[in-house]
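Lettered A, B, C, D, E and F in written order, each chain numbered from 1.
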């Protein structure tokens, strides 16, 4: 019972964060979880949407998309089909919700950050890579905004660090950070978004095949907690460099 | 610290299932969780979509929608806006996935069941009421199909019963089956879909405010397990009548 | 030459109005014409759309829709197809126009009422049931608004009562209130919307098969006038209860 | 009480039919009712849509549209807005229904005719001009098809001639063939589609202001019958030339 | 090697401009290049879109569309398909850009002109006919606006006259003003928009088959220059009449 | 009169081609023209669309898109807006047309290649970088297909190499390969697509400000020819490595 890429069951793929990959974006990061590569752009705008004016609060939202040939066979563009699919909507909302948990919106002030996550290549775990990389781009965008005076020098808008990982049951074994081969074979698939201090922001577990019992759920939660802790360390290192 | 409708923290709202509410649908159910009312229609069609032909497997899918005035203030129709929103997509997919966990698709044979969940009135927990009621309508549709000879007399397509409930943390207290007043006040909101024998089909927990720790997560999971067990009994009673 | 449901040619189906079926809507009514069931919600909003501001006049508009499994075989949702069909548009416009004939828009003041008619089950005559039920919901919404002070105590915005019925020629016989079996067999189909004092708001007659002559037209108009008068009495009784 | 263009109350505007205005279409007609000008193209195709195959019956359908600057102020294109409006849908359906009443679809055989009515200039009565002109283009398209052998030499697909006119009550006076100035002032507006032998295909009357009584309805029906008879003569003359 | 309509290789088709074809539009022109007929409406509006306010500059934009039966076989309407095709977009943008080159937008003042080009019949060269006719309609709309006082008596908003023609290589021969038969046979197709004094506004050449060399390009440019000069004379004559 | 990036007027930006940037695509290339970066994926599929079956010919088509934060300020996604803009359509069509000029479609056989050009970062010249890089990806996809036996060992589907460059007049000076700063200042902008042997596939010149005369056009054409020749050498080097 070995994984197709040779990893141990509780082992992350090689993870990298290339900060500042884009020249225009206030924060950006090309994040890789193995062969999964997501380009994240954090776009800062002074001001908030009309419905949020005079609230004293900022706004953070996310959009997730996949290039047509990110996957093994080509998918039609959602722009050409004329509508955004359910999966895209679902992940976009998850990205926004997850990153808002990082931020004290009143310390951000009436400023907006839009986080675009474009999957350049997909090999499983695109949403968790997107969220984990987005945290890095978000920090850079906020530091840029502080440098420009949009955010006060003394404000602390970043209150949590955020990382995400997928876990699943494959052939009865709990595995961390599923790549595509794991994913298609998994009976249960769970995405977990956690803070740097080990609390939960999102827990989404789905039985693809057999329903799972409480014991397996506990195994998966433990594995995810370890994975998010490891990712938190890697984020710290990337932001320190 | 009392709930606006006077319930105990671990108490379901009054639940009812009106089977056969529609004359045309092969299975139907008007399900109420308190003031939340969802009309479920299970439409049986012999045959499967083209991409599934000759697989020997059936197909079950779901669509969720809300009438414009189901809510306290009116929402524009998605048909008029010209696109289905992210939340609708997300719940439709959840309904389909959850109900497929009830069924052995090979025992169903190459037949399709479309489950429409239309929220006539919303007071929190519309997706969990929809799933719980959909199980009842689904059973009726399959028994209808058996009566018509579309499903073999000896086949056992129904392998699990399915119920769903929401739980959340309000003012630090774990509460079962959130109605609207609970929902807007909740720090954490979790929807849990379980089988009648207590296994998990879906676990979706979201920190709306503060991230939550493992202890709270365990409390919520326990409460949900109890709620789903109670709903399972109510489903059995409704199907027996 | 008998009707499939045993009615006399000039006989309405059993008609019922369940007022206040919805908790949130300012006026609501579950109306049944036999097996045809339409849920009407009248949503009151203080103020009018921008193009009507400072006119001193109110605004009333309607939307009609059918649940996917209201009919004998399931229809795709218009929200999923991404556009509203011609028939839906046509009936929505008819509902709005018909109900505006009930109202003195200057006595209503700068307030808006949106009337949603959702067909839960269809057995012919859905548009006439919708209009007839909508009048009941509209009266309740206006009385609610008067109670809240949005409409003056002395204002009389309701100037006509409105009822609608279908008539048609089936096998050469003029019939009142066509149900589905009548409808598919009808050569000519006419929908008539009338005031409580016997005047016309809309007359829409269509030869589905043979063109019809003036004598048949007169027969249909007479039958419709009688049917609308009967419905007017039933509305009065419902509003008095 | 005179009309802005000086006509008598029961007088049609100058009507003209320019047959064969288009080189490509199998039948075409530029029809004018006064300043209202509609270009009609009848496109013949051998064969019918899939759902009608092997029925032995033909198919006729219509589409109506208005150029953006047909009217006094410019309207946005429906193609640019991305959806067809309710009024356009409604009239397109009316055109198709009206013209199908002209034809014995079994004598037409499994052939399709699409009737496009594009309003180049609008001054009231665009739908009635469209239908009246469409009959002329339809006859030409069928004769073309007969010449090509698509319709049998002995077949008689044209069983009725079809004409349409609008009538209305303006300042208490019943008027024939409303132009724009009449139309905006009319209390009641009725469109009537009739066969050459004086039977009804469609009757659509709407109270724009006060509901109308039976006496006024009878007046309008009489006026429309006369107008349609006059248009029938003009069609005959045009087709004879 | 003769053209199907008997013209010399360097000969335009018969060209005509019917000014004032529409009663409502501020400027209009039915332009014919042989059997290609385009109805152009220039709609003048005082004021500019919001993003251009207080710039002191006017705005001119174009929309191009084709009636469904303008062509030999019928095309579906873009309004019905729900989206504007790439070719339509491309030509609409070209029309707007070309006509803006005619105008000093500051002399026009903060006024807008929308140019609608609707192809009633297509026989090749629809975009060049549209642009050439649009210039005539535009001049009339501006003179109308001057008459109304929207444009100053002394202002000279028209700084260039604009004409357009297509040229191409058919069977190795450079030909002017391609009609449909030329167009389908052409190896290279070029549309050229020029000012009355012989300068270029747009040059768009495409190798449909073999790539073309510089010598052929020079031949085409010379032919186009001559064609545009001829069209300029015809425009002058039309505007003088 | 110097360029903001210090280049000579006739100098290309640094150009690079990273072949095989994607793991899944049959051919891929990350192409850079200075800071403009486009990810090209060439997706090979055995077989052709239905309308092309049994023609013996292959099919090549292109799609162009820009990530929302490719530009200096963020643009909304076309998928979210629900329609593809005119500029996107125009460039997609240009990419497909240009690359088809590289290929003998009968030597390709009944196979399809879809070329996706996604602009990751935009600094002017995105369409010319896309086309130039697409040629490289296309060659790799065809060689892959030959290796798999989809294209015959002896077939020569690649008949031309294709490169593209923009040229323009800035401050009266003809400049090669416009970056963003040049582009916004340019009076005339021309995109030229050429074969490796110096023939034209597309010539698209637009006067953004003043119309341009023949002398300037000749200057631009000469500059473009030199630029395309240089790009052809760089493509050869990349493909040889």
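Going forward, a residue touches a chain if its C-beta (ideal position, glycine included) is under 8 Å from a C-beta of that chain, and two chains touch if they have at least 3 such contacts.
Since this is a predicted model, take the numbers as computed values, not measurements.
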Among the remaining chains, which ones contact both subunit C and subunit E?
D
Touching both subunit A and subunit F, which chains are there?
none
Averaged over CA atoms, how far is the centre of subunit A from the centre of subunit B? Could you give it in whole Å?
28
Using CA atom averages as chain centres, what separation in Å is found between subunit D and subunit E?
33
Using mean CA coordinates as chain centres, what's the gap between subunit C and subunit F in Å?
59
Roughly how far is subunit A from subunit E, centre to centre by C-alpha average, rounded to an integer in Å?
51
Pull out every residue in subunit D that's touching 2 or more other chains.
82-84
Write down the ring's chain sequence, where subunit B leads and subunit C follows directly.
B, C, D, E, F, A
Footprint of subunit F on subunit E - complex, ascending
83-87, 89-90, 92-93, 97, 101, 160, 190, 194-195, 198-207, 210-214, 217, 221, 225
Show which residues of subunit E lie in contact with subunit D when the two form their complex.
22-25, 28, 35, 39, 41, 43, 45, 63, 65, 67-74, 77-80, 82-84, 88, 114, 116, 118, 120-121, 123
